[in-house]
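Paired with subunit B in one complex and with subunit C in the other, subunit A is shared by the two complexes that follow.
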Partner chain A sequence: MSATAGQMGPGPALRGDGRLRRRRLVNRLMEISASIAALVAVAVLAIVIISVASKGISSISIEFLTKNAPLFGQSGGGIANAIVGTLILVALATVMAVPVGILIGIYTSEFAGARLASLVRFVLDILNGVPTIVTGIFVFGLLVAGKAQSGWAGAFALAVIMLPIVARSAHEVLALVPKAMKESALALGVTRWKMVLRIVLPTAAGGIITGALLGVARVAGETAPLLFTSSIFANEVSTKPGGALASIPVKIFSLTEEPSPSAHSQAWGAALLLIFFILLLNVLARAIYARSSRRTTRAR
Partner chain B sequence: MSQPQPQPTVSAETPQAPPPAPAAPGPAAARAGAPAREVSIERLKAFYGQAEQLKGIDLAFEPNQVTAIIGPSGCGKSTMIRCINRMHEEIPGARAEGRVLLDGADVYGEGVDVVAVRRLIGMVFQRANPFPTMSIYDNVAAGLRLTGRRRDLDRKVEEALRGAGLWDEVSDRLSAPGIGLSGGQQQRLCIARSLAVEPEVLLMDEPCSALDPIATLKIEELIEDLKQRVTIVIVTHNMQQAARVADRTAFMLDGRLVEVGPTQDIFTNPRDTRTEEYVTGKFG
Partner chain C sequence: MRRGLTDRIGDPTLRSLTTLASLAAVALLVLIVYKVFDQAGEAFSHFGLSFVWESEWNPVTKQFGAADFLYGTAVTTFAAILIAAPMSIAIALFLTELAPRQIRRPVGVLVELLAAIPSVVLGLWGIIVLSPVLLKTIEPALKSALGWIPLFSGEASPVGLLPAILILTIMAVPIISAVTREVFETVPGDLKEGALALGATRWEMVKMVVLPYSRTGIVGATILGLGRALGEAIAVTMVIGHTEHISANLFGPADTAASRIASEYLGATSSLQISSLAYLAAILLVLALVVNMIARLIVRRAHPKIPTTPGILR
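What follows is the complex of A and B.
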């Protein structure tokens, strides 16, 4: 460094030569382009939300939320059956996927050997990458073909999509629980399962709930798996998963296929409702995680 | 080094078995006054994968005595005490060979349940690590609750906290979170947590290395009291600490035991030149 002092006379070279200035320029350039890329992501989300909100807000009304579609040719009405149906489908999928997902996460982080655990995680990643329409066809072949569409089949398809999300996030947060804490439980003469159940799970609970909520948010907007399994629904509020249940995403799809402008604006309204619901879940998941991670980091 | 003593041989415990106690039907109260257990290690080798960390150790820890393990970093001190309560094998790829006898019963024997071993041989770790989701009370009660001993919890928790010298400082806020305590208090809380399950041997892996001198002093005083009830093995990097608390001291180097003897002798009149060089600060 000090060999370049040259023109500055005695003392260390503090000014930097041409090469250093170029490096600084490149550094600045990369910084700016990375910042712009990040800004694009934010902007895309903002544009989507703003356009959906501006086009959909006019459709939102009490009637929209509480009534079903009107008789042919009439305007007004709403998507009550789709709202109720989505809530039931997502709740059923959650009940199916979350316990199994948490158990998978416990297996990969606490019980499996390193190689088996990474194999299972790899499989989960592939499952996560399976196009949801394929999942839909699979469940159609399994539960619907030869029988009838049902809420059960739709919820099962959603659960298949949710499972890897829950399992992977459960694994990540369980692995974050300090090893020293696990060891000190084992050193008390506690069995491994009790240690997991009473020490590790409570410590990681916030993160696990966060993962589950993100899974819920993900499947709440899924359309493809429901097209084959739960799309031929009646125009009435149904709470029976034995038959096909309406859902907001499928409703949006069918509304956009209709030729009337009022149906299109209802589609925007339904889209706004859906995006609002998913945003809410994401924010809630964030908040829960922020609260609980304070606990694990303080323990370290 | 180790003389296997003609103790009443204790058969391997069955899962969930109570302490392998020749004359201990009840909790420690029934054993009050009885000497704590002796631990002796025979030809102990420990491995991490292919690497041999302990290369055959024979060493006896006498009942109701404090034995300090000293030696440079990486010499296998921690590995050795983790072999005593079979925590070593919790590390993937780690295993141990040889025998560890608790009053004559081999903790590596056939049919022995590791969970039962760890109930008798407690451990305090280098860094205080109270369970973060639990209150002070629940931390101490955790071992008892999670091993199905829910009777008389209040009394046992108080006894353990008194035993760890923490009762007077926390008796008015037992429901406060354990991680709200100071570092030294947290470590004493961890000691109380270990004591609550009434172990007969207590392994301490550098329990003071993260503590300030005053907190360290408190723990050292505590060790002096605790040896009335349990056999203590303490790993330490601090030779003054070994000199202050230990009845006997063992010096380890490179996975082997160099020498063991009364603490006084190790520090003032060691038989091995390597011990002398280490305790006088020439290396390590």
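What follows is the complex of A and C.
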């Protein structure tokens, strides 16, 4: 659609100028409202990021990144335990969710019949729609109730959220691998599993990694699933998932509930760190995908 | 040609591994439903279905009913969608019909990034930046203009329904606009060009061709956004203020099912209270499952190619 199509209008007016002017006016108003809507959405993103950056930057220091919370009544300190905890929780969740997700993606795009594949994809979509707070209750009942909170439980809850994202992304990119490539491999006598491992997966690797990174970015910021599974943690760096691990989102949540201004400025510092990490992952994921999608002819 | 041993076991192995993984995903969904309902069992046998319409919530007398929270969930969700749906449609129109080609991608990516902001960060921003602005400017303005409607006549307060609604709007917009945009992109170019050739303005073309063609998809996308807003707990719990009483006041504190679970589960004192919160979670789960199924079936029927898992790459 050419960008000037709207301004051309219907040429010489047949029914008088008033009606035509009104139609053009309505058109103009609608164009302006649509532009404003897009502008507002982008502005909200900018405002949130700028607020977090401007309020959080002053808290970021070596001490903030390497120390734990101060003793009661003292100022300073940091969120080292939350940073380490988030890294471990997200890494464990990734190890649990990514391999299974890729296997599901291979099943729905290579092995399953059309109906079965569509059913599995539907289940994944529904799984993606489960509220994360409910995921938290589920994992609490499964792994925590009667025992204690643990990093394992928290990581499992994150993995449940990550799985459909990884699997659905994997399916979408695997489905983009040109049929001709697969068929020529099979025609040369390559077995199906070798075709999948040597031709299909390498071709789609960039997209699969992108999907995994988007999954990581998504769960790194999750609070709700950790609230019941890994939120009662000690004020010290722990690397043992056998006990509850701290995390940046839960730390922000609890700092916000404290009344002191210094807790709030720490919350902003933690929010800045989190948002930086997550936006970086998103940008990285998109860059990888843009690079790799040259290998597969995209459907669109 | 003789095949090696690895080739003979390779195929069935990969096939069964992938099948097993897919079965695990299905089993996971079943297990989620079972475990959540299992935990709600005690409250269900205690209160039965009346839990849904009883509004007394008192941990001391151990009387629990969900009505007020479900009301809060309904009000915040619908109000958020009321704002988010037209806005998202406008954004999608801007991105598909209006914007110059060079800015479509960057603007589209920025709108999608809105969904990447963690809810706890959005909640923090909501309570410290957004709420004071609402309290000082928007709420008094709404009150003086629309104060004759009970909804807008209440006492202004820094926490409550209004900030929660706006935060949920911010969360729903990227989802609805992403799917709507994909739907708009499926409208055949000849139809649009035909309308323009007949002398329609761009808006008339959108009204007569793009919107009717995409109606089903838009409805599906909107319901998808509704599903997102319905289950949000953390950001809402940070800005909504918590109360056990229904009020029609848009400015005052309220509570939603998800936010009540988030705020009360850890501090719960009796097993009946924990089970009642799980009952809330079970209601939420059923709502989310139904809403998501409907949304995805609608989108899938009209546009089989459009993936309905927001946040995955497209």
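In the analysis below, the second predicted complex is superposed on the first by the 263 of 300 C-alpha atoms of A that agree within 3 Å, B and C clash if a C-alpha of one lies under 4 Å from a C-alpha of the other, contacts with A are read in each partner's own complex, and residues count from 1 in each chain.
In this section, a contact is a pair of C-beta atoms (placed from the backbone, for glycine too) under 8 Å apart; a residue touches a chain by one contact, two chains touch by 3 or more.
None of these values were measured; they are calculated from a predicted model.
Is A:22 in contact with subunit B, with subunit C, with both, or with neither (first, second, both, neither)?
In the superposed model, A:22 contacts neither subunit B nor subunit C.
Applying the touch criterion given at the start, work out whether A:199 contacts subunit B, subunit C, both or neither, answering first, second, both or neither.
In the superposition, A:199 touches subunit B alone.
For A:240, using the defined touch cut-off, is the partner it touches subunit B, subunit C, both, or neither? Pick first, second, both or neither.
Once the two structures are laid over each other on A, A:240 reaches no partner at all.
Counting residues of subunit A in contact, which comes out ahead: subunit B or subunit C?
Between subunit B and subunit C, C touches the greater number of residues in subunit A.
So in the superposed three-chain picture, is A:178 touching just subunit B, just subunit C, both, or none of them (first/second/both/neither)?
Touch status of A:178: first partner only.
Applying the document's definition of touch, where does A:286 land relative to subunit B and subunit C: first, second, both, or neither?
Only subunit C; A:286 stays clear of subunit B.
Contacts for A:191 in the overlay, against subunit B (first) and subunit C (second): which applies, first, second, both or neither?
Both partners, subunit B and subunit C.
Who does A:104 touch here: subunit B (first), subunit C (second), both, or neither?
second
Both subunit B and subunit C contact which residues of subunit A?
Shared contact residues on subunit A (touching subunit B in one complex, subunit C in the other): 189, 191, 194, 299.
Inside the complex, what are the residues of subunit A that reach subunit B?
These residues of subunit A touch subunit B: 113-114, 178, 180-181, 183-191, 194-195, 198-199, 202-203, 295-296, 298-299.
Considering the complex alone, what residue numbers of subunit B touch subunit A?
It is residues 85, 87, 90, 92, 115-120, 122-123, 125, 127, 129-133, 142-143, 145-147, 179, 190, 193-194, 197 of subunit B that touch subunit A.
What part of subunit A is in contact with subunit C in the complex they form?
My answer: residues 1, 3, 5-6, 9-11, 23-24, 26-27, 30-31, 33-38, 40-42, 44-45, 47-48, 51-52, 55, 100, 103-104, 106-108, 110-112, 120, 122-135, 137-138, 140-142, 145, 160, 163-165, 167-169, 172-173, 189, 191-194, 196-197, 207, 210-211, 214, 217-218, 220-224, 227-228, 231-232, 249, 252-253, 256, 264, 267-268, 271, 274-275, 278-279, 282, 285-286, 289, 299-300.
Which residues of subunit C touch subunit A in the complex?
It is residues 1, 3, 7, 10-11, 13-15, 17-22, 24-26, 28-29, 31-32, 35-36, 38-39, 86-88, 90-91, 93-95, 97-101, 107, 109-111, 113-114, 116-125, 127-129, 170, 173-174, 177, 185, 189, 192-193, 196, 199-204, 206, 227, 230-234, 238, 258, 261-262, 265-266, 277-278, 281, 284-285, 288-289, 291-293, 296, 300, 305, 307-314 of subunit C that touch subunit A.
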